[in-house]
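Two complexes follow with chain A in common, the first pairing it with chain B and the second with chain C.
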Partner chain A sequence: MLRRIVSRLATGALTLLLVTLLVFGLIQLAPGDPLAVQDDGMERLSRADRAALAAYYGFDRPLSAQYASWLGRLLKGDLGTSIRDRRPVLEKIAERLPVTLSLNALALFLIVALSVPIGAAAALNPGSIADRWSATATYLLYAVPIFWAALLLQRLFAVRLGWLPLYGSGGVTGIPRFANMVLPVVCLTYGGLAYVSRFVRANLIESTRFETILSARARGLTRFTILVRHGFRLAAVPMLTLAGFLIPALFAGSVIVETVFQLPGLGWLFIDAAYQRDVPVLLGVTLISGTAALAGILFADLTYALADPRVRRG
Partner chain B sequence: MKLGQRLCWILALVCLAAFCAPAEAPSKDEPRVVQMHITQDPASLSLIGKTDLNSEIVGMRLTDALVQYDDKLVIRPLLAESWEFSESDKTITFKLRENVRWHDGEPVTSADVVFTIDKLREPETENLPWAPALDKLVRLEAPDEHTVVATYSEIKPDALDAWRTPILPEHIAGQDEDLFNGRFVEHPIGCGPFKFLHYIRGQEIVMEANDDYWGGRPEIDRLELKIFADQQTAYQAMMTGDLHIMVMAANLWQQARESEQAAAFEFTSYKKYSVYILGWNQLNNPFFGDARMRRALVLALDRESFIANVAGGMAHVGATTFPPSSDWVAPDVEPYGYDPDEARRLLEEVGWVDTDGDGVREKNGQRLAFTLMVPKSSQQLTSWIADWQQQSWVDIGADVTVDQLEWQTLRERRKERNFHVLAQTLQFTNPDMYDLYHSSATDRYNFWGNNDPEIDRLLDAVRYTFDPEQRLAAMHGVQRWLHDHEPVTAVFFFDAPLIYDKRLRGVRPSPLGYAASIHGPREWRWSDEAS
Partner chain C sequence: MAERPRRPAALNRGLALVLALGGVAALAPLWAQDPLRIDLGATLESPSGAHWLGTDALGRDLTARIAHGGRVSLSIGILTSLFSLAIGVPLGALAGYRGGWTDATVSRLIETIACVPSLLLAIALLAMSPALLRGIPDVLRVALVLAFAGWIPVARYMRGEFLRLKSAVMVEAARAAGASDLRIMVRHLLPSALAPVLVTASFAAASAILVEAALSFLGLGVQPPQPTWGGLLSDAREQIDRGWWLAVVPGLALYGAVLGFNLIGEGIRDLLDPRAT
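Presenting the complex of A and B:
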């Protein structure tokens, strides 16, 4: 087991490295640099000033050297300084992490909490009206673009009814107020329902084919009891892996949600940094979100192993 | 309980929890709070470091500059009570107002001014709005507590522009080793009409009225700058009363006007010194070296009808890049009208004739096929304008491709002069158009390859003449030349659609914005009875 953890961690670290290298490379391919973005195309910087600033930021050095020095600092726990406002990247990420984490944790919880009963209800009588309707409804939701849903929800609940705040974190730093998180979390949640509930349904149906289930049925247990007592236990393992894969998808969604609802989270920071060509911030956010995603996958992987001896030995 | 039932209960509970948000009603004796819109977090609250438009707007509230524009873009005194130019000594001598205090009670002195300007000019401060304009400043002295003498190697009447920089307190900002990560940037102390209270990134910057402001305490008690990157969200905030004033895209402004809440708002617009131009590349192509060609293509554009039918009336036709609403404009220089026949005649005169009958003109075997380069924009109007221009030119026998490019790509292509016609928006604060047209400004903003000794002479005269009448005459000369040669076409000057709460009074927009002049929040009033 220990060997497994170590090897997974090593692969994870390598993946992260490659991802940051990829982001670093991609942003270099994008036209313009932070100095040009700052100038907003007004050509106010003289050639000499430009050269001096490029030297100050190290843009004049070869790309490999720029990336290497970023790595070197990273090993010392330093994510560098943002080009946009010259604040430490770690500080910028730390002040925005709670927003993204709380949004995603809530969304993840809701997706699972809603999908499991939906999937179970569908699995109870495959092909029934409930099954078909839940499939149609969740797939319809899946097809609704987040920014559009966000706008509709804002119009209804914030503008027309005035029940919920329209935007922002509610005048606090760190974790937003609960009411401010409702609409964003709904937007992050609804798209995941289809996938997860179908997944739950498929696994439950699959698991009820096992012999234990057959014998349980032979003992005269109802389908419902069987599902709850045996089915879920068997289906829990594949569902754990799914949760691992949901984390990256949620992060991608929170980029949009945070921008539309004006929540100062990592997604918004990332978009801003991309516009500003703020390489240290981009790499920092990539590293943090990448770590979270990989940690999710690793967690799923290891619990899978814990739950299923065959995987552990294999 | 059946599973389905249970599911319903869970859903119902979630919904209930979701909608239990408290609704707050404002009471009568609350402080007079005004919430205004800014589009982005300011680059920094250092006010002079990496200054962008939003930090400028924040800075103007928190601290004063020596001078500032009024709503006509005339320079007015602020911290400087008066100033004197000496053409022979190449100096400006500022007399500072006495008894002005920082928000912490310390007096504002000439040492603060010297400190600020020195700091501003350090390359690492990366100040773009003002530092480049101070490059000819050679010496800055403070002979006494309330006098500042600036000596230049070359002095021009527009030198005061750069003195709109906010002034920082030396006794606080001077203590910080790093302008971007110190005590000052965390909690800026200024001498302006509003005092800094707090800043939540991505959300708001909150200030309160400065009771001891030298120009009198502002009438509003609290000013909240609300950050909305998304226009739609800002629009919704306006509709729910979370915002009191903002500039909107024309279509949203129209939508607000037709909404149920319209009665609560004042709808107006102001003339910006912001122009949508077409820049004709005179080099590297067989098309636009001849001024008649450039004129022909302008004559093919029915601008008045486009403004009326598409732009919702929110624009004006320009004769040159000099704003038609400014005092600089030459009365005898009229914009080109819509005359497609004259356009066709001019094209033929230059030698562009459709010989093979395919609808596209040729000359010496070269087809009249060129590309219009425009920046990608989320605003629909940008593509409408491009389509309209394309169609208008196709109608007189050109083959036009529209190339929509991301702004940074466009910028690089522009710099390499790798374009035929370039469309973009320009903004300015003074009549010095040297960088746009002077033959020596090819590494600045003269992307069009404009090169003519006559316009160089006129531009020099505008830049260096102090006598107002002679200077105005030179400006008029520039405009006549521009009109005859049309190196750049001022297609439209846009109006900014402004919307604000009816209870807000004293709004006086300038061509730079509703909060970018000496007026703005410090003159705003709040009245509970709608007018």
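Presenting the complex of A and C:
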């Protein structure tokens, strides 16, 4: 068991290293000469000055050495500074993080809170009308582009009915007001329902094959009682692991949702950086989101291994 | 990919959607008006005989813009799908068939790229790509950028297929007859994996169309004045209190294309494995 955990963590660390290599590769692709920024693009620097600057920043060294020192700074939490306002990238990410985290936490909670009853209702009578209709409805929702849904919801609830704000945080800094979060969270939620409710359904159906469930049925308990008392206990672990896999999708959704609704989170920071070609910020956010996704996948794998006796012994 | 109840009609519905949209888009130059002609005397008109779906803020015909936008979306979807197959099929096949170090290397590569949300990767690459892919037309540039992450699901699926197929009797027979690994993979295994290739190809097209529209919506994909579905929806954002058709119709076209390619993929998968949910 210990060996299994250690080897999974080792491949995880290797993947993390490869993610940093990917991001470093992207930095090398960035347009423009890195010294041109220092030079204001005026080419006033003499050849000797340029060489001195290149040596100072390490641009004259081989790429492998540049990568090593970049990685060293990364380990100390130094993601570079923004080209736009010269502030540390990590600081900019840290101040945007609460907005993105609260949006995604709410969306994740809603996805699970809605998918569990939908999946359970479907699992109660597989093949029934409720089962097929919930599958079709969530499947049709799943393919709706987020920015289209956002646009239509804005038209209906903000412009037509005037119930909710069109965009913005509601005049506060940091985490937006509740009313300003409603539409963004809805946009992040609906797409996940199909996958998660089918997942819940499959796991509940699977769990009803276990002996505890068979004996419960032999004692004359109804299918509903059995599902609630025993099924969920058995299906809880797979559901927990699923949360880990949802992180990358939710994060990609945040980029669009925060931009459309103008919420000052990581996603909006990322899009702004893309418009301004602010490479350090762009890649800092890419790296953070990749790391978060990897952590989610590792968390999912490890909880699964720890919780399931069959995997634990295997 | 979400699972849904098995429905033999999925393939037909998907094909109908894609062929209808594809026909409208492909033949656009023959029947539609000029999507770029500005008519400031007829801005934001509602649907009428002269303009079936009305006009936009510059008086351009929305029908023509949607039809021409479809050309961009569908070409990028198909091109990305082809590029993704060109990378994903050989890498996935090699990893599944050879196992060992080849598999470990390809699997790490897959896991690495899969960690970064593909929309973020595409945006980062596009922000860098003017220097990287200078002089390449927008459509090709976006398709190449999307294929950078698009081959991942293709390779995963192919790896699984080849892993399963390599222990088949025909492989042993071919090897006993002295066939090389390459010959076994191309002549014996690939034909058996052809249907899975089609499944992944249509899912790849659906996801490329979706991401392309998101990029155009954000102003980072194919650039104006070329009409795109994402760009049309971005224009509709500027007119949020005006005619509903500006927001609804381009979105329906986009939704239809994504759903169509997804349904084709599901349909072929159902044909392959009737036991799948």
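Keep this in mind: the second predicted complex is superposed on the first by the 252 of 314 C-alpha atoms of A that agree within 3 Å, B and C clash if a C-alpha of one lies under 4 Å from a C-alpha of the other, contacts with A are read in each partner's own complex, and residues count from 1 in each chain.
Following the convention adopted for this analysis, contacts are C-beta pairs under 8 Å (C-beta built on N, C-alpha and C of every residue); 3 or more make two chains touch, one makes a residue touch a chain.
Being a predicted model, the structure only gives us computed values, none of them experimental.
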First, second, both or neither for A:130, with chain B first and chain C second: first
Touched partner set for A:252, first chain B, second chain C, both or neither: second
Touching partner for A:173 - first (chain B), second (chain C), both, neither: first
First (chain B), second (chain C), both or neither touched by A:186: first
Chain B versus chain C as contact partner of A:294, first or second or both or neither: second
Chain B versus chain C as contact partner of A:165, first or second or both or neither: first
First (chain B), second (chain C), both or neither touched by A:154: both
Touching partner for A:206 - first (chain B), second (chain C), both, neither: neither
First (chain B), second (chain C), both or neither touched by A:84: first
Footprint overlap on chain A, where chain B in one structure and chain C in the other make contact: 30-32, 151, 154-155, 159, 166, 259-260
List of chain C residues in touch with chain A within their complex: 2-5, 108-109, 111-121, 123-132, 206, 210, 213-214, 217-220, 230, 233, 236-237, 240-241, 244, 247-248, 251, 254-255, 258-259, 262, 277
Chain A - residues contacting chain C, complex: 11, 14-15, 18-19, 22, 26, 29-32, 127, 131-132, 135-136, 138-140, 142-148, 151-152, 154-155, 159, 166, 194-195, 198, 202, 248-249, 251-252, 255-256, 259-260, 270-271, 273-275, 277, 279, 282-283, 285-286, 289-291, 293-294, 297
Residue numbers on chain B that touch chain A, as the complex places them: 3-4, 6-7, 10-11, 14, 18-23, 43-44, 49-50, 52, 123-124, 126, 128, 132, 135, 178, 180-181, 200-204, 227-230, 232-233, 236-237, 239-240, 242, 406-412, 414, 424, 435, 443-445
Residues of chain A touching chain B in the complex: 30-32, 36-47, 49, 52-53, 56, 84-88, 95-96, 110, 113-114, 117-118, 120-121, 124, 130, 151, 154-155, 157-159, 162-169, 171-173, 179, 182, 186, 224, 259-264, 268
